[in-house]
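To keep things clear, I will list the structure first and then write my remarks on it.
Labels A, B, C, D, E and F are assigned to the chains in the order they are written; within every chain, residues are numbered from 1.
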Amino acid sequence: MSHSIRNKITGIVREITSEKVLSEIIIDTTSGPLAAVITTRSVRDMQLKIGDSVSALVKATNVSIEKDGSK
Amino acid sequence: MSHSIRNKITGIVREITSEKVLSEIIIDTTSGPLAAVITTRSVRDMQLKIGDSVSALVKATNVSIEKDGSK
Amino acid sequence: MSHSIRNKITGIVREITSEKVLSEIIIDTTSGPLAAVITTRSVRDMQLKIGDSVSALVKATNVSIEKDGSK
Amino acid sequence: MSHSIRNKITGIVREITSEKVLSEIIIDTTSGPLAAVITTRSVRDMQLKIGDSVSALVKATNVSIEKDGSK
Amino acid sequence: MSHSIRNKITGIVREITSEKVLSEIIIDTTSGPLAAVITTRSVRDMQLKIGDSVSALVKATNVSIEKDGSK
Amino acid sequence: MSHSIRNKITGIVREITSEKVLSEIIIDTTSGPLAAVITTRSVRDMQLKIGDSVSALVKATNVSIEKDGSK
């Protein structure tokens, strides 16, 4: 293990919407679609494109929990 | 849709490790285990326990992307 | 209580500024105006508009503290 | 304005719960109680104590929105 | 010490890229260039411009760690 | 470039303070000491110890800016 980010969800890039500063990436995973907002500079540097195999990385302190069946 | 948090990954609580202030919750999902760090106060208020059906919530701006097969 | 996000501040949407990817929402609260940056996709899905009654949600780990009267 | 953090909510420290690494601070505000999780090192360096006048600081990208009256 | 944000890295603003809602600021530091994404409203309120002496502020819970030399 | 996290600050681990759930890591860098709060599980999995060469990773959306010389 090379970094401390605990959550890594693999998937395929389905959609990229870019503005000058930020881009929204939609990833298809076995848990459904995930949305990531990253800098457009990173999209260019990674040469990210539709169909790429990627992992979504999420620090554990950024995950909240919702109880199902509750109102 | 009632809130703006785009990412919602369903799963079952497998493990709860609590300290006075924060707790780590491990959730089994179809994308593998996910770790969440929430306040122990929330664990108590939600009466969260092993076996509960929950969703992990993650704001899109807190998701990073790693390209697979890269070094 | 249905989710683990501890901070919930109620208010009224006063202003929405949208770009393709992200939108800034200004909410009037009894503690003054609050700014939230959410995806424009969420604004559309929630059909959010000026005058709506909403709550700002903030995870406790994302709150810092400043001491008043200090330099 | 000296920093870029848009949200600043004033209040009074009501409760401090400390572990070795992190502490939970409960602040009474006109919008109700707010919870902040900061390092215990910061609590010591700021000499934070119950009754102090403080502001909770929250970056706009860390605020989500929930529509009231929705399920 | 006036606020709880532990990490403060000083530098000089080298580049500002602005959209309607958010701006990317590139800061030259002794540890190399740092990127910050803040609201364009904050850029205006702070009258931030190229050449300004600034500090990048980062909450400790938002820092991850990567081990060098690992794959 | 293999991931989208823009900020990577290299340094040496100087101090590790661990609780059951979270640990605070102090890293010496050319920009001064940096503090990171990561899960204790990650500290174990990475076999992180004092003297290790590491990089602190910070997403650009988690960086705020303070103007020097301002009050």
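FYI, a residue touches a chain if its C-beta (ideal position, glycine included) is under 8 Å from a C-beta of that chain, and two chains touch if they have at least 3 such contacts.
Just so we're clear, the structure is a prediction, and the values are computed from it rather than from any experiment.
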Completion exercise
Sorted by label, the chains bordering both subunit A and subunit B are C, F
Practice task
Averaging each chain's C-alpha atoms to get its centre, pick out the one most distant from subunit C.
Solution key: F
Handout entry: E-F against A-C, pair bridged by the larger set of C-beta contacts
Key = E-F
Problem - Whole-Å gap between the CA centroids of subunit C and subunit D - result: 15
Exercise for the section: Measure off the straight-line distance from the CA centroid of subunit C to the CA centroid of subunit E, and report it in whole Å. Expected result: 22
Handout entry: CA centroid of subunit A to CA centroid of subunit F, Å
Key = 21
Fill in the blank from the handout: Flagged in subunit B as touching 2+ other chains are 1-6, 19, 22, 24, 35-39, 41-42, 46, 57, 59-62, 64-67, 70-71
Completion exercise
Contacting chain pairs, sorted by label, are A-B, A-C, A-E, A-F, B-C, B-D, B-F, C-D, C-E, D-E, D-F, E-F
Handout entry: In the complex, subunit A residues that touch subunit B
Key = 5-10, 24-25, 27, 29-32, 34-38, 42, 46, 48, 52-70
Problem - Residues of subunit D that touch subunit B when the two form their complex - result: 17-19, 22-24, 35, 37, 61-62, 64-67, 70-71
Handout entry: Footprint of subunit B on subunit C - complex, ascending
Key = 1-6, 36-39, 41-43, 45-46, 48, 57, 60-61
Handout entry: Residue ranges of subunit F touching subunit B (in the complex, touch as defined)
Key = 1-5, 19-22, 39, 41, 59, 61
